[in-house]
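Which chain is which? They are A, B, C and D, in the order written, and residues in each are numbered from 1.
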């Protein structure tokens, strides 16, 4: 990136207090710190809806940022603010999910693929027929809808698979655990569980109630990945969904500011599936583990080819302008 | 006038859960007639008034106006039918000003203001907030509002109970004049003097049943009491008059040049153990402030208070209580835990201080509460929640609290407000009894005849100062009245 | 004159605080001007309507925990309708839906005699569910002119249209009511329900009307959400706690009978501009939460202390 | 003799319900459980065959296990509501306590971690008490504000311990997930706790004063109560209870999260109110709140098991809560 410029980058995020999003923010900070050209990072990070995100983006524009990296609450709702930003030559990068604003760059985890991959693996484990429990996120939220599309696509490919319980966990640990206890108690048998990221409490529910374990699909959260190697009799798979995509977003924004824009405005980070049934898979999981990491954090703390920070730097969670 | 009865309520029945407030209540009022509705505390007078005016629905019975079935489903309907009440509790909206309160009930402003002046209250403006006005003024505004809507029948439920003597006189005069113009009046009061001055006839309720109709004539009191209580009560016997304990030794409470707010300017007096000291004053002469200061609610702006010879300064009622000064306010709403039981109300002071926050001594508590209930003859039929007691019984509960706890110095602010004859006649000796056992009692009363019955001496406050001290033996109503109006004390005493 | 000043001291104080904060913003970010004001007003739009509705029910002596859910219902209704029909009739339908929901809340409170907080807590779930039933996932569309109507300045360069809308709508709804018998009844019921009943106020109908007005404001709130985002989101936003905070900050007494709508709406702007300032100053977002909480508590503490002092004469 | 006596059995039943408001609540609870058993035969029964043989999941045990932390948080609401207050910081305090305990356990050991967790709850409670009691801020705003502040502090703290890992103290796991005779070990904590709260409310001077303050603050002052002392003690106690509930919840879920117990806040208010506690102060029952918590949990299960769109589920939840309280008010005549 040659001669030192001093960019100010704004960040907008609408979910607070969730391990995945906290990792995303830390990745952004760490990446901004290692990029020599970023002088300041303004983070608007709170629990709010699309209208609130519009407010935050407008405030960032007001603060005179050079680029905005956001995790959009909805692909369509933010266009007015994003158009206003781009009209002032502010670079817009959406991470994690897409936006429909013309000219915005998108660097997103492919949520539909995320769900499809895990569901397909699960259905294959069951030999193409059986009953599954489908534990979703928050009803009416974009990411949940995208994942639902992926799940349905996989379901369509396996006619023998039957969903016996479909429920929204609200992406809350306690709710998911309690719901699983309820399913176990009804005595309606099932053969596998697909979760939208509330995963290790589901394993706990099986173990604590003494019910025989069934294959479980979760995300690459530190806690669940550890369970995949340590819980006896657990067959399962973790689908990567790196929060560090936020760091990649910062890197992309800096590249664009420096005149190195990619050809396509859309970059999809495709998820990877780690399962613990094959030796290969187990080796990958062993390698990815990090027992000291916050159990809600995804273990994949970097996006190869995009992020440049070290493990220590993302854990320090410090950006330019801090300290 | 009989066949033209303006109001005829008959066979009214009302139960609240297990409490039968009215079993068979009847009342007829003719044009221009003033009928007293009498009965002991809890007899059902207020309930009756509320049913006639639509604030409560009866279980049975009917209300006729000029012979026709009246629509009294709610207060607005009753008002349209010409039945307008002044309830026992103030019914103005605290957060609205006077003008808005009038607009709310479509009361014409001009007549209202005329009535207010006629009733002897001068300093009320339409922009005054209700919550800033004293209780007595509110009662007058309530009445003026009722008069301004030109009712066919006016129902007054103990509306004079919270008024000082001068205002009572004005009220009686005005109501009499309106009755002479043809308005029917139902008048609820425990004060015989008012009833004999104002009313044509009295209807007596006992335990929710109308037990008799009396013409007002000399000697009717005896008969009324007999009907009300179902027993004889010797009215001529003036308890306590004989047992004047001489004020002895050092003073318990000594007040010097006390001032507070604009109204209380310079008050000094001594209160001795074994003494009941009366306080006599017209409305707004500073007596409210005096009691507020002594009970620890307000800080004085000047002067000094000594308890047992030591100067004290209270920043909270708890300080006053620690110094032995306990206060019974005149407005029972201030002192009552409306939703709690009679027992908890009475036992409240036992748990007040942090060191008594631990386990309750239930046996002791039961005994003390029992004692207070018996002493005051509190009607405990509805004891689960104090708000369901009749007005007079609520008043008794607020006094009972300090009987149960035991007192050194008791500050009573108009304690007999709305209490029936029998209990009143028990409260005077009670005050004396307390005094004899070593307590000191400061006794403000708006009923001047009580001074002679209960007190050893009385101080008269006028314009924020003590203008006179009168011995009980000289405390006839005329003397007190003259002094209270600030007509020089020396003449009065001599 | 002094009377009026004393009565409105709290509102005046808030207004002064708002001016100070605006000046501070200008100091921190010298380029802050028309567009900044405009985005501030737009951000305040849904909060202002939620707060206005909440203020009315608090004045009548209640509380409505379902405001955010009702706004979600109105937003999704607006977005689904406008996909299919002309904007103007759609707007009227949405407002009618809001009014209807509010009236139903009020009617349930009056008929069941269950405390308001419980009824509206239950209705919070009901309306949230209804929003999800109308639109399972964010979507729909709004007419372009609706989106444009809240964007940009009006006539003069600096007066945001969104601000004008807040002022006009609240004034058009509240001033006639305030002047009428209904307004008096609302204050009377909130101040002392028993006394109001005995003064001839139809307490039940007054409450239902107040909740209806709240619902109507939520209708405007939902419309403004749809206009802001161009879509409808079935998930309730953070408007419940924010509106309660703004109502109390704005000088409306919880328990009823006192306060108005002007104070709470000024409070909404204060809360929004604090967020703008914190973003402009690049304050750590975690610290932002702490600061917002502290400011809220501190302002109310100061206000309470001041009123206590003046009440003590 | 009078109208009430014409229909003796019904009238007597009505009076019985009025005098013992717990009865209709418990009846509701049993009815709900019966409905559940009809919906899913066998769910309430302790032992049953599954596809792979015996499953020892004891549903009633789970019901109680998850109801306990909710009931504990409901205690915060019942106690504060007695004085016409509310504690909206309770959910966050529980979350903070759980998070602090789990992260500090692996750094400083279990005992200091538990103590610090409880102390943080106590601190928030004391701040609430000062605000409500001394500065006279409305409890709703005060606890909302301290809740926000605590959330921010938790976020800041979280950044310091990303790398610390988390350790759930063994005794909390035992309390949270262990069972004795099919019943959750959490009862070892909860039964003494509930007995304490009920006795506090009924048989101590402090309980008396809480009811008194909520009924009429001026009357309490007149009797010598210094209300700030009461508010301070009350909110401090509430903070402590919330922290304790958070610790137990940590043992139950065995997972830390920055929003672990936050979703329990609204249900804790609902449990208190369903149980007959008046938000206007002066009336309340903790036993009722416990049944309220159980009712809410049974409802959760019912809705989880019902196959219907999420919107309908959510709406139904609200409708049932409203119906239960409306019926309760109708039967007991209280509000």
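Throughout what follows, a contact is a pair of C-beta atoms (placed from the backbone, for glycine too) under 8 Å apart; a residue touches a chain by one contact, two chains touch by 3 or more.
Remember, it's a predicted structure, so these values are computed and weren't measured experimentally.
The distance from the centre of subunit A to the centre of subunit D, with each centre set as the mean of the Cα atoms, comes to 33 Å.
Look at where the CA atoms of subunit A average out and do the same for subunit B: the two points lie 72 Å apart.
The centroid of the Cα atoms in subunit B and the matching centroid in subunit D are 45 Å apart. For subunit A, the set of residues that touch two or more other chains comprises 16, 139-140. Listed for subunit C are residues 131-132, 136, 234, 284-286, 288-289, each touching two or more other chains. Taken pairwise by the contact criterion, the protein chains fit none of the simple patterns, being neither a path, a ring, a star nor fully connected.
This structure has the following touching chain pairs: A-C, A-D, B-C, B-D, C-D. Against subunit C, the residues of subunit D that register as touching in their complex are 131, 135-138, 140-142, 144-149, 151-153, 155-156, 159, 266, 269-270, 273-274, 278-280, 309-319, 321-322, 325-326, 329-330, 335. Within the complex, the subunit D residues that touch subunit A are 40, 42-43, 48-52, 55-59, 62, 66, 151, 154-155, 158-159, 161-166, 177, 249, 252-264, 300-301, 304-305, 307, 310-311, 314.
Taken in their complex, subunit C has these residues touching subunit B: 3, 181, 184-185, 187-188, 190-192, 194-202, 257-258, 313. Considering their complex, residues 13, 15, 17-18, 20, 23, 59-60, 295, 297, 316-318, 321-322, 327, 329, 333-340, 344, 347-354, 356-360, 362, 401 of subunit B touch subunit D. Those residues of subunit C whose C-beta lies close enough to touch subunit A in the complex are 29, 31-32, 35-36, 39, 42-43, 46, 131-132, 135-139, 147, 151, 225, 228-231, 233-238, 272, 275-276, 279-280, 282, 284-286, 288-289.
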